[in-house]
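Mind having a look at this structure? Questions to follow.
So that you can tell them apart, the chains are marked A, B, C and D in the order they are listed, and the count of residues begins at 1 in each.
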């Protein structure tokens, strides 16, 4: 009975995965190499590598990929550094304006990126930050910071205070505590926050487009035109989707092996 | 060689004697003053004749420039694979090329202009023009570019109802059409009039796809075509008045009966036809066999069929009464930092060899009168609007203010129903 | 104590300071801009904001934005909670499923929308499969209810919410359910009266996050939604392309207000229960 | 068939998880009104046993009978068993009142009856002012009382207590231990108590069941287990003891240094006996055969570590006499009748398993 039950669950999970992941990705794979695929055919009648070739030979693609990776890595790292002290303060101290500050930190998740980017774009022009990597990085950090702070402070909260006290009594100074106690213990939270920042920064579109494009293109803004309603040619869009899919998927699958769900969930789960 | 000497001497003469004359007759800028921030080029002295002599050395000093292009697939390839390599080779000037989604470069230009910064692009092939041409793009390019001498006059000074006086160099001729799949729509079923289209839709519910005028040019073109055909001459005249302002537009569109037959037609049509989210959305529906007839762009349909994204049984036509067509073009922002290079590049895009290349390869019709569709290979000719229909079928647009008001009214009177 | 008074502002400064500059200021400009103040303004007016509620396309667009945010969020709840429960159980392949079900989190929403389009559009893959058994796909792309939009939002939201809710369930002390069961609560009642209330902070937080993620959703309505009315996110993008800053600021401000109302309601509703569960008591 | 007077009968119940045995077939019974303690080190299988009795986990084999009724496969809510968890498992989102009323509501008892029982249990558990508080606002001891009240209010056929005192500090633990006993006496509830603390077990129980490594070692009255353990494990688990090898001959055992003790049963050959420190008296004697090696003052008692031959002995004396000095020579006198320890079964006791320090404290 119990056994029967769990086999049913396995089957259900399998069907879900097939239908929700394998099928859609498989279909865009087929589209990307199709040379004419008309109904009612269930597979393309003819295949071509033309769509891939066109993209891979595009000289603007490489800078976009490089930009994407550089921006994503810098955004992830800097948001971590910026978030760390603030997350610590929120996790460890109780103070009068705490609630207000917590709401303020969450707010960027809520306010449409367009509003922020349009406002910042004007200032960045004055500061010569518009259409620059620095500008894009700044505006993206603002987007990923809220969740990073949340998840890190969730992680910090779970570190027992006694551990720090113990380290102190053993003669550890502030730096040593951070280096040997806090950092190692918050690795799961940093991993979770880092992954979310990475994905968030990589797929970010509105802010990057307004602040950076077309001088600074990321893969996402560079390819957006091929996916938007205006320029959607299905085989081309399929190629683009797969190009966009690959880096995040690789990072995601790599990190998910060592990532702890509960940490990510805990950070987001208590707003 | 001899020709070049001749041109050079002509230029010298023109420079010595013709300055006053040029300002009178073919003054290079349409404002009384030039407000270009890059003053390395004396625009008041520039003519078709002295163009290269004056600009080539200056442009080489610039050494580089940035060009924006909006997306339609064909022109992108034309720039990337044809024009820019040729230009770079010819002049040794590096072109930074950026493809952008439709007209997102315009707000950037606007923002940079307001902040007193150089424009992010030196030339921009866009489907729209900056709102304030007097300030932001006011060089009479079509009067000074040597390669612009044989432009179709109807395309040289006006675009989508905007009188730009030559600031917007027509590059890529296009035409809104009705596309149909001849495998399903045969013989006399092929709509020739708006009534035919309505009748076909009623007989085949769901088989006609109309691009939403809010989401794509083939849709707003169709709206223009219907208005042009169904409104009274008096109404059409008021509607096509290029000087119409917001108030006049509001009066005509919202406070007169002029558009009543247009809304009635659409409301009737959309009972059976479906409305789509864009030009490509319509074509994808036709590729999926869901729609047999749809509003489209001629060149986009052409490249879809050539790329096997549409069955090769798809054909295009223009309905009786005409459908809008024109030529999308490029302009130089007044706050460009590389004026000389930009001017040279603008000339390059009209070079006959490039224009012929894109015409033959992408059905991107040339605004130059000397090049016509006969350059397109015979087997691809069938994918174009037949020449006789094309000649009569092209109508122009109302001005942007009017178009916007009509579009909003369309949303309120048709889509909202 | 003296150290803390000094430390706290220093610690808060990087995060909060950064957000004040890169988020607070634009927010301020957006709000003042929508009131007719600021660089493009013509003096104080409420007309721009009022337009959003008075003009049909804006008003309907706001409704559409709310619809695209609320409908998928509610539907997601119904799937994510059972799914999160399922993940607490053990079955063969659970580990694999647990690793893979989160993949949609990493897929850009525009790619997700595109995948949904190729699958469920009329004439799309599902339709072609159905044709072979004599059926056809109903029109769920560009339909007036935005079913395609909602499906694609669900595809991204369900794993997201499941992750958070599974975390919340996982954090419930293991004796809680046995305690309830030994006091006479059936499996269902133990779930409804003990597990669900205890996981509630996670559930509400997940709901809020899904809501705010969806209200700015751009890609899915753009590809899969009906041509009219367009949600404010698309209208904002259109306004941006037309350089209509005032319209962006006004729509943005209205979205901000709506979102803050939701956030406020969230805090008001959860404050009481949360308070009791907090350690400090 | 089990005798019907038993409230609970556990018959050959066992549990294994994917091949690993967590509990060997085990039987035990608890009579009506009896207070029985399962005692064992952590990981000995007592929690598994308890979870099976409550129905949280299903046994791999065997039967559980409650008042003669087979409840082996019954879901927890259908068993008339209440449990107090080590973690208390109070519902943090409910007030004390609602925590206590939870089970009554589940049973759909009448409002009157609910109120009556509630007030009764609040009174006997002394929760008067706390009923509208939330669990997180209570101290550990208060939480424990609420958990107890929540269980008692059900008036269950069997009350299970899973290490209910282990999360409390020593002083509180002692006072709550008394309260628990008083409650047990006043309610007469049949109680199965699980602990790893031998002093708790001895002071409260009518009967103790000693468990180790997934099986029952031995069971009996506290006094018998303490003074006459049958197993080495039991001897070591209950406080301090001296394990001394002996030669048995008939009913006499000869200790290594030549002393002779009576045995409770006739035996023959080498063996081992457990000598409690308080059974060993010392008298100063310059010619004595033992030397004091260490003196530990414990308040009421003094521990002397003695060396006799090459053996060490621990002796416990009242602290009211004149204390001996380290190095003093003494004579040793051993009282009582010894029991030979069984060498089989769970006799191997690892050094860490014997909880030394709590026993010292608890034996005062």
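One rule holds in what follows: a contact is a pair of C-beta atoms (placed from the backbone, for glycine too) under 8 Å apart; a residue touches a chain by one contact, two chains touch by 3 or more.
By chain, with names taken from UniProt: A = ABC transporter, membrane spanning protein; B = ABC transporter, substrate binding protein; D = ABC transporter, nucleotide binding/ATPase protein.
These figures come from a predicted structure and were not determined experimentally.
Chemist: What's the fewest number of moves from chain A to chain B, given that each move must go to a chain touching the current one?
Modeler: Counted as steps through touching chains, the separation is 1.
Chemist: Between what two chains do the most C-beta pairs come into contact?
Modeler: Top-ranked chain pair by contact count is A-C.
Chemist: When the C-alpha atoms of chain B and chain D are each averaged to a single point, how far apart are the two points in Å?
Modeler: 92
Chemist: For chain A versus chain C, what separation do you get between their C-alpha means, in angstrom?
Modeler: The answer is 16 Å.
Chemist: So what's the Cα centroid distance for chain A and chain D, whole Å?
Modeler: Here the centre of chain D sits 55 Å away from the centre of chain A.
Chemist: Taking each chain's centre as the mean of its CA atoms, how far is chain B from chain C in angstrom?
Modeler: 40
Chemist: Show the residues in chain C shared as contacts by 2 or more other chains, in ascending order.
Modeler: In chain C, the residues touching two or more other chains are 39, 123, 127, 222-223, 240.
Chemist: Residue numbers in chain D touching 2 or more other chains?
Modeler: none
Chemist: Among all residues of chain B, which ones touch two or more of the remaining chains?
Modeler: Counting only residues that touch two or more other chains, chain B contributes 102, 104, 107, 114, 215, 277, 281, 284, 287-289.
Chemist: What pairs of chains are touching here?
Modeler: A-B, A-C, B-C, C-D
Chemist: In their complex, what parts of chain D are in touch with chain C?
Modeler: 51, 54-56, 75-77, 79, 81-83, 85-87, 89, 91-93, 102-103, 106-107, 134, 136-137, 150-151, 154
Chemist: Using the touch rule from the top, collect the residues of chain C that touch chain D in their complex.
Modeler: Those in contact with chain D are residues 173, 175-176, 178-187, 189-190, 193-194, 197-198, 200, 273, 276-279, 281.
Chemist: For chain A, which residues are in contact with chain B within the complex?
Modeler: For this pair, the touching residues of chain A are 35-36, 38-40, 46, 48, 58-60, 121-122, 125-126, 130-131, 209-210, 213-215, 217, 224-225, 228-236.
Chemist: Can you name the residues of chain B that touch chain A in the complex?
Modeler: For chain B paired with chain A, touching residues are 66, 68, 71-73, 80, 96-102, 104-105, 107-108, 111-112, 114-115, 117, 120, 215-216, 277-281, 284, 287-289, 304, 307-309, 311.
Chemist: State the interface residues of chain C toward chain B in the complex, per the touch definition above.
Modeler: Those in contact with chain B are residues 39, 56-57, 60, 121-124, 127, 139, 142, 222-223, 225-230, 240-243.
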